[in-house]
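Below: a set of structures, written as structure tokens.
In what follows, chain A forms one complex with chain B and a second complex with chain C.
What follows is the complex of A and B.
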């Protein structure tokens, strides 16, 4: 029976296995706590994404409305021409924050709204509708970057959550039951050996008494 | 890699996000880019808005003793979902955020409260898993 399981039923092995069970149990408990914490983080970030998306969509709606007005008042070709002339620069400071060993990006955006003169297109050839549309889109950009930061955070947290859950399940359903079965097997085998020894001794004692 | 080594590796990885050295609220407020360096060498940045919030709820006399990030200690011995906050100024901050009465220098909070705390202070709080 011992050969079928592939372990040697000794006291030393039993002690070693008990240590392995304790380690696996500790690992399971802590990883489960980590998983719970990741779930909290994930739902927190999802809630923030929902709010940021609603805000961004509202601002985008206003920005596209302003752009439509600009197209109507100034003309499509002129608006496209002004867009080509505009300065396309954005300073973003990308850093990180830690969420339980996961690096989540943090975008620190400098104020995006620019003065009409700083945008780069000719004020002479364009109407105020273009300034209004530009301002609206500059307002949107900060919100979109915040949304990107949150969505990337949610993605990395979800990946880590999946990985942690797989480990917790492996420990709970495969490793711990396997180790516990081995401990049980060795304990039973040792008990059996003890009983065998006991009956052997009794038999020898009876034989010796009979001889005398 | 044997399963034991994988478990040991995972346990060792649990606390890599902890800072090598915590900084006080005063230091964080005076720094232009408040951050701490984690054990793995990466930077963990504090949000200015959170520091301003802490500045409002912590009396100036405690700015020197409040160490950031505030550690939410997860100890499996406390039971699933329970966490511990240690240190008087830290406990006062947490009790103020959660509007929960605090007694002494230690406080036990539970999962819904941890969620509230993390939502309010995502960069100035961090989890600490008690491995030993």
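What follows is the complex of A and C.
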């Protein structure tokens, strides 16, 4: 009963402790529910990541292939030149959503394929391999953005999950047992005091009776 | 709100993404410059996604991982293979799952 050293065994303290136990229990139950919900959410995202990854990686391979072809057919310097000339305008709309009180990013991924004329490099000086490479990379970006959204979401949820798990465990294995031990100590002590009192009264009664 | 996309990679990968119209690009030459660039990108309020190749991420090592750990919600960081298709043996997501859930679950499949 080492944990119960610093407390005064009074009825007041007992009531207060019982309240704290009830509160801790409630907190524990709520956190557990939160944890379960997070786990469900997390595995949903993980499943989606798996699919998105396979798709995005296949696309990416095709894009690298097209780019290599372009380097070969058109020449390295010309391709670099075109990349420098290409109009840089790509933005992505990002909002957030709440999952059990934590913020998870949501990307608004629209198809970002552009018309060849809208890309900004000179069509006269470049070959169709460059158009092909550009188109492939535009296609790939959509999938990559989706993947980035999911992976970031998974990362954030995993961090929160870790934190919640630690809190649940702390409540369950440290705080609740400690409080319960204290409750037990006080109620035992109170019972003990009552018994002492009882025997004292008996003794006094016997003494009073003996005097008469 | 609209955010910029950033790509940090080798020259060829950057060229490809520049053709697609990515606004912020950085070619990885040496560690110091790339880390400085990453600090700038992570601190920026305009950048929403940072795409980085596995090879560059690996070259930056623990300093990159530390920056990812302490960054805010945005920019999101996405690691992709470069044209050689090389990916590190330890999958980051799988590592997270192992740590949080305490079970091995395969996410890989050519990722």
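By our rule, the second predicted complex is superposed on the first by the 207 of 212 C-alpha atoms of A that agree within 3 Å, B and C clash if a C-alpha of one lies under 4 Å from a C-alpha of the other, contacts with A are read in each partner's own complex, and residues count from 1 in each chain.
The rule we apply is simple: a residue touches a chain if its C-beta (ideal position, glycine included) is under 8 Å from a C-beta of that chain, and two chains touch if they have at least 3 such contacts.
Since this is a predicted model, take the numbers as computed values, not measurements.
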Check your understanding: Sharing chain A, do chain B and chain C clash or fit in the superposition?
Key -> fit
Check your understanding: Touch check for A:98: first (chain B), second (chain C), both, or neither?
Key -> first
Practice item. In the three-chain superposition, say which chain, chain B or chain C, touches more residues of chain A. Key: C
Check your understanding: Between the C-alpha centres of chain B and chain C, what angle is opened at the C-alpha centre of chain A, expressed to the nearest 10°?
Key -> 120
Review point. Taking the superposition as given, does A:144 touch the first partner, chain B, the second, chain C, both, or neither?
Key: second
Review point. Between chain B (first) and chain C (second), which, if any, makes contact with A:86: first, second, both or neither?
Key: second
Revision key, fill the gap. When the two complexes are superposed, chain B comes to within a least CA distance of chain C, in Å, of 12
Point to revise | Residues of chain A contacting chain B in one complex and chain C in the other | key: 95-96, 103
Check your understanding: Tell me, which parts of chain C touch chain A in their complex?
Key -> 1-5, 11-23, 48-49, 51, 73-74, 76-78, 80-83, 85, 93, 96-97, 99-101, 105, 107, 109-111
Practice item. Sort out for me which residues of chain A touch chain C in the complex. Key: 39, 42, 46, 49-50, 53-54, 56-58, 60-61, 63-64, 67-68, 71, 79-80, 82-84, 86-96, 103, 105, 107, 112, 114, 119, 130, 133-134, 137-138, 140-141, 144-145, 147-149, 151-152, 154-156, 158, 161-162, 165
Point to revise | chain B-facing residues of chain A, complex | key: 20, 23-24, 26-27, 29-34, 36-37, 40-41, 43-44, 47, 95-103, 106, 167, 171, 175
Check your understanding: Can you list the chain B residues touching chain A in their complex?
Key -> 3-4, 7-8, 10-11, 13-17, 35, 38, 40, 42-45, 47, 74, 76, 80-81, 111, 114-115, 118-119, 122-123, 126-127, 129, 131
